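Look at the two complexes coming up: chain A is in both, with chain B in one and chain C in the other.
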Partner chain A sequence: MTGPVSPATEPNRSDRRAELMLGALASVVLVLIAGMLVFVLTKAWPSFSHNGLAWFGSGGNVDDQLIDIFNSPANPDKYEYTLHAWPLLYATALVTVGAVAIGLSFALFAAIFIVEFAPDRLRAVLEPVVRLLAAVPSVIYGLIGILVLVPFVGNHLIGTETKKSVAYVVQLSGNSMLVAVVILTVMITPIMIALIVDALRAVPGSWTEGAHALGANRWRVVWTIAVRAARPAIVGACVLATARALGEAIMLSMVSGSVGFAPNPLDGLTFFVEPMRPLAATIVDNAEGLSVKPLGQTLYAFAAVLLVSSLFLSLGAWAVRQPMKRYGVRP
Partner chain B sequence: MKHRLPLVVAVAILAVAVPASTASARTTISMSGSTSVAPLAAKLAKGYLKAHPGAATFRLAQGGSDVGVADVAAGRVTIGNSSRDPKGTDPGGLVWSRIARDAICIATNSSNPVSGLTQAQVQAIFSGSVRDWSQVPGSPKSGPIDLVVRTAASGTQDAFQKIFMGSAKVSSSAAQKASNGLVAQSIKSDPNAVGYVSLAFTKGLNDARYKGVACNLRNAKSGQYEGVRNFWMVTRGRPTGGALKFIRWIQRSKAAHAITATGWVPIRG
Partner chain C sequence: MEAATATTPVRPAPATGSGWRRTDRIFVGVCWATGILLCLIAGSLVLFMLVKGLQFLSVNLLTTHPVSDLDQSKTGGFLDPLIGTVILAVLGTLIALPLGVGAAVWLTEYGRPSWLARAVESGIEMVAGTPSIVLAIFGLLLFSQQFLSFLSFTAAGNAVFGRSFFAAGAMMSLIALPLIFGATRSALQAIPGHVREASYALGKTKAATIRRVLLPMSREGVATGTALGMGRIAGDTAIVVILLGATLRLQGVGDVPVVGTLRGTGSTLTSYVYNNSPAGEGNAPDKAYAAAFVLLMVVIALNFGIDLITSRRGRRA
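Now for the complex of A and B:
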């Protein structure tokens, strides 16, 4: 700390004005979020109220149910709402958890390398590239997926025998969980790397220097001091990555298989190449039918689930971060 | 993340250049709807302006047949383009004017030159009762059949169900794609795939004959090819003013018929 800051004896008028303005802006954001939540939930309500908790369960074929909803009769009393969205929820959870888990382990080590071990010249290239990758629009990843990865997986990784063995249940064409998770991981890892790098840099030098002075080697210092101190930021990075993965729609709609199937872990290796379709991708694929009222309400119900889960995600992350904050650096 | 949702219907706005010859206020004809109708509508708008310079200003957006119908019912556009026939749940007070007919082709990967399919075979394949190419006569392949279809809201899906499938149900294990282009891409990259697309999207694919008739423009015009559906322009109430003139021109003038005939079947009358 350098000398004392100039003492503010009385509140400055322009400070006060800035405070009011910024406060108002922040409140507008809050009102917007609350308004959005209320709007989506109101729109979605008929779908939830007709199905009750069964909405979240499994049963029947979810694509057939969506088609029936789309083909509802004109009479509002006879609208079809029956839906068991489990395969879509399960697919969303699978790709999100898969991508964030793989992405986190990769991002953590990549960030440690960049901050602690990379030679200066390599670092000068690596960091801007990572930040650039974080900004690539998802539709580009989707195009790479359907033009390169999906045909590769479909024609080279899946044998005809495997395709035959499950042909009566599901078709394996390369549009799969594997491709979805791989591309999603590539999409979210750069953001995580960038955030974790910033956090590791923010660890006070005196802490790591102290550890060095006690004779610990670089790896031990990074792992036991810097990474530990950066844990709140790492959780924050995971939350941002999860939110992006949850809401990713276009890319997943292009590569994930376009069929409401719940991949079965008991199928062994085939499990990874089975198609599926997460919630956000389902909204994109069916957006053409938004004008059919019950289908629109069902799509709003998907949106509501995504919205509420990202709210809970933020709350959960806040709760997890509390005990870590005592010795941590702020993200 | 959430703000991306409304953008899902990638609405491509295509401004058709208008010669700035007349200074007077021109009528604006705005259209939205079917992605299958959009290429034809753009060509017709250009042709109309060539025939009647400065008669109107066009704005063309896409979004899908259902979007077009909803937009025109709400008064957001002058004309809604639809590639499906009217149905019971459509809003009341709409007038449907038929502007052209379009062929739907059954397509397979070019490495799988299936020569022809009967209606019974199409139904068996798409309903999932035949699941292996070795059971399909004329296919050199063996291996499971990958079905590629459209989402329920698609006009092409609606037409396919009515014309080809009748009361048979499309298998629920089929992959549902959101556009003609995505279906074509899936068939191109998967040797075992079969799907259906609008005639304009069959480049690079193998078109199977349907009931012994090749899927091409000539057969669609002559009426021999049966997999043909209607393109509609939908207005709220009877078309008036600029929209009426435009639709009449499409239906009656020789120039419009010539434009339509480059890829679709013109309507006489």
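Now for the complex of A and C:
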């Protein structure tokens, strides 16, 4: 691509003014981002500074700590800030990684199917279907989750024995990691499929034709040529999906159980049906407490963690794409 | 468009199977399975919502105001949330449209200095990656500032409430912004350079070229982005729950009719569904299903609109 073409004549005054105005409009976005970082981080600072690195550690019951913060005395010197947010961070990582890992493998095969193997009529159906699934609001997924999947898991997948055996630690009601990951996967996979399909289509025809001419079959050509060339776009799709999963609040607050509990992998199969509560959902659940100053600051600390991790995510994706870009195709 | 037809791969004879390695055949089978599973998921989702929606939806629900009551049959309809969704979608797009289109035009047509262009580009990417819940509580912080109190209302004790249609709309515009920006930019980039050169050769200035030639040519791109953005705004819940107050009815502030409503609080279909699900206080699943069905129809209609726009563009090219 060549740079923007410019008229040969000297730019006149009105032209100059238009450029400045549009440039200013574009810069508004930068001011907003800077403002957001500054506002959220300053507001969140007391929560971090009172706890130090222990903020990220585990210890005690998060829900009790949040209640203590909510009930802290009115005297600003005696505000309660003690918080060990590990269960929330762990829950966020667990659902995000789970959903993105399942979603990626699923999306890759689905995208290859749409681009390469689907009969034309099925493809004409699949493409709108993917767009539709990507556009369905998260609250609808949440509603189906809480009214259909959660009761199903609670009544059929968890035996009474299992419920009794852990009743002294946590209640198993069907609001669980399993439902959260399943629905989150359904939510983020369509985005990945759409992006990977675009990337696979952008692979130059001559590359795949060359491989066909060498006698490779259709699967080999897609897998070894097209998918490899599309790697930067696949990384981009993963990042976008991770960002979406990290920030999903409403659906997760509806189905994940809203208990600050860290599911334990040592529990065997019960691990999958244990309740939890990711960061974003915690903010929504405690939204009424935002006006209580110390709790508000704690919630802004959660937001700061989400904000910083999504910034690092974009940065990381950019860094990963750089060396890959030379060999790959970017749609 | 021409480029797309040129790169369509020449398909070899579709001999799938015979003489393939077993692993290859298994992988193709997995591809088929995922494709069909995708159709099944989407089909069952739409069918389920259709059955539940038609079961619980009635015209009454669309035209009566919601009432808070413990008995599900007495909670009224969802006229106010419906209006709230429309207000927010329009308000959000109205703010995002000039911002997104302006930024896209500046970036593709001027883009000087280049460091600023790069910064704006990655800035918009960052906005796209920011969770809406973070945008929501940032908005609450921003609109609780004293100097923005005219956009919401001041409660007792001189604290600014910070929750209003204005506040929610402004933050919603940030959700729509990356979509409008992206669609406009790719539309502008698809216009060949000779079109610009022809305009300059006629003695037009750059600003006139943008206004008279480039923007009309990228109209469909802008429309697609706007429809996508409206869909995202209509479907967002976090911002509504935190920044709109999620009061059941529209509660205006002051006496000025339109501005009063916009300064006041309300709800949208999404927050209505959330509050009426077992997760909220209402616990009226029938109403939640009905409202979710209406919401789904709105989203599908917007999607259909996008298809219409793109197919028209395809026919013209």
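The working rule: the second predicted complex is superposed on the first by the 304 of 331 C-alpha atoms of A that agree within 3 Å, B and C clash if a C-alpha of one lies under 4 Å from a C-alpha of the other, contacts with A are read in each partner's own complex, and residues count from 1 in each chain.
Keep in mind that, in the parts below, a residue touches a chain if its C-beta (ideal position, glycine included) is under 8 Å from a C-beta of that chain, and two chains touch if they have at least 3 such contacts.
No experiment lies behind these values; they were computed from the predicted model shown.
**Q** Counting touched residues of chain A, say whether chain B or chain C comes out ahead.
**A** In the superposed model, C touches more residues of chain A.
**Q** If we overlay the two complexes on their shared chain A, which of chain B and chain C does A:I283 touch? Say first, second, both or neither.
**A** In the superposition, A:I283 contacts both chain B and chain C.
**Q** Could you say whether A:G154 touches chain B, chain C, both of them, or neither, answering first, second, both or neither?
**A** So A:G154 only meets chain B here.
**Q** With the two complexes superposed on chain A, say which partner A:A249 touches: chain B (first), chain C (second), both, or neither.
**A** Both: A:A249 reaches chain B and chain C.
**Q** Regarding the shared-chain residue A:G59, is it in contact with chain B (first), chain C (second), both, or neither?
**A** In the superposed model, A:G59 contacts neither chain B nor chain C.
**Q** Is A:P323 touching anything from chain B or chain C once the two structures are fitted on A? First, second, both or neither.
**A** neither
**Q** Contacts for A:F70 in the overlay, against chain B (first) and chain C (second): which applies, first, second, both or neither?
**A** In the superposed model, A:F70 contacts chain B only, not chain C.
**Q** Would you sort A:Q171 into first (chain B), second (chain C), both or neither based on which partner it touches?
**A** first
**Q** In the overlay, answer first, second, both or neither for which of chain B and chain C A:L307 touches.
**A** After superposing on A, A:L307 lies in contact with both chain B and chain C.
**Q** Can A:G210 be said to touch chain B (first), chain C (second), both, or neither?
**A** neither
**Q** Under the contact definition given at the top, report the residues of chain A touching chain B in one complex and chain C in the other.
**A** In chain A, positions 36, 146-147, 243, 246-247, 249-250, 253-254, 280, 283-284, 287, 290, 303, 306-307, 310 sit in both the chain B and chain C interfaces.
**Q** In the complex formed with chain C, which residues of chain A make contact?
**A** Its residues touching chain C are 1-9, 11-12, 14-15, 17-19, 21-23, 25-30, 32-33, 35-36, 39-40, 43, 106, 109-110, 112-114, 116-118, 122, 125-126, 128-133, 135-140, 142-144, 146-148, 186, 193, 201-202, 204-205, 208-209, 212, 217-220, 223, 239-240, 243, 246-250, 253-254, 280, 283-284, 287, 290, 299-300, 303, 306-307, 310-311, 313-314, 318.
**Q** In their shared complex, at which residues does chain B touch chain A?
**A** 1-2, 4-5, 8-9, 63-67, 69-70, 88-89, 131-132, 142-147, 151-154, 172-178, 182, 185-186, 189-193
**Q** Given the complex with chain B, which residues does chain A contribute to the contact?
**A** Spelled out, the residues of chain A in touch with chain B are 36, 61, 63-64, 66-67, 70-74, 146-147, 150-151, 154-155, 160, 163-164, 167-175, 243-244, 246-247, 249-250, 253-254, 257-259, 261, 275, 280, 283-292, 295, 303, 306-307, 310.
**Q** Could you please specify the touching residues of chain C with respect to chain A in the complex?
**A** 7-10, 12, 14, 16, 20, 24, 27-28, 30-35, 38-39, 41-42, 45-46, 48-49, 98-99, 102-103, 105-112, 116, 119-120, 122-135, 137-138, 140-142, 174, 177, 189, 193, 196-197, 200, 203-207, 209-210, 231, 234-238, 241-242, 270, 273-274, 277-279, 285, 288-289, 292, 295-296, 299-300, 302-303, 306-307
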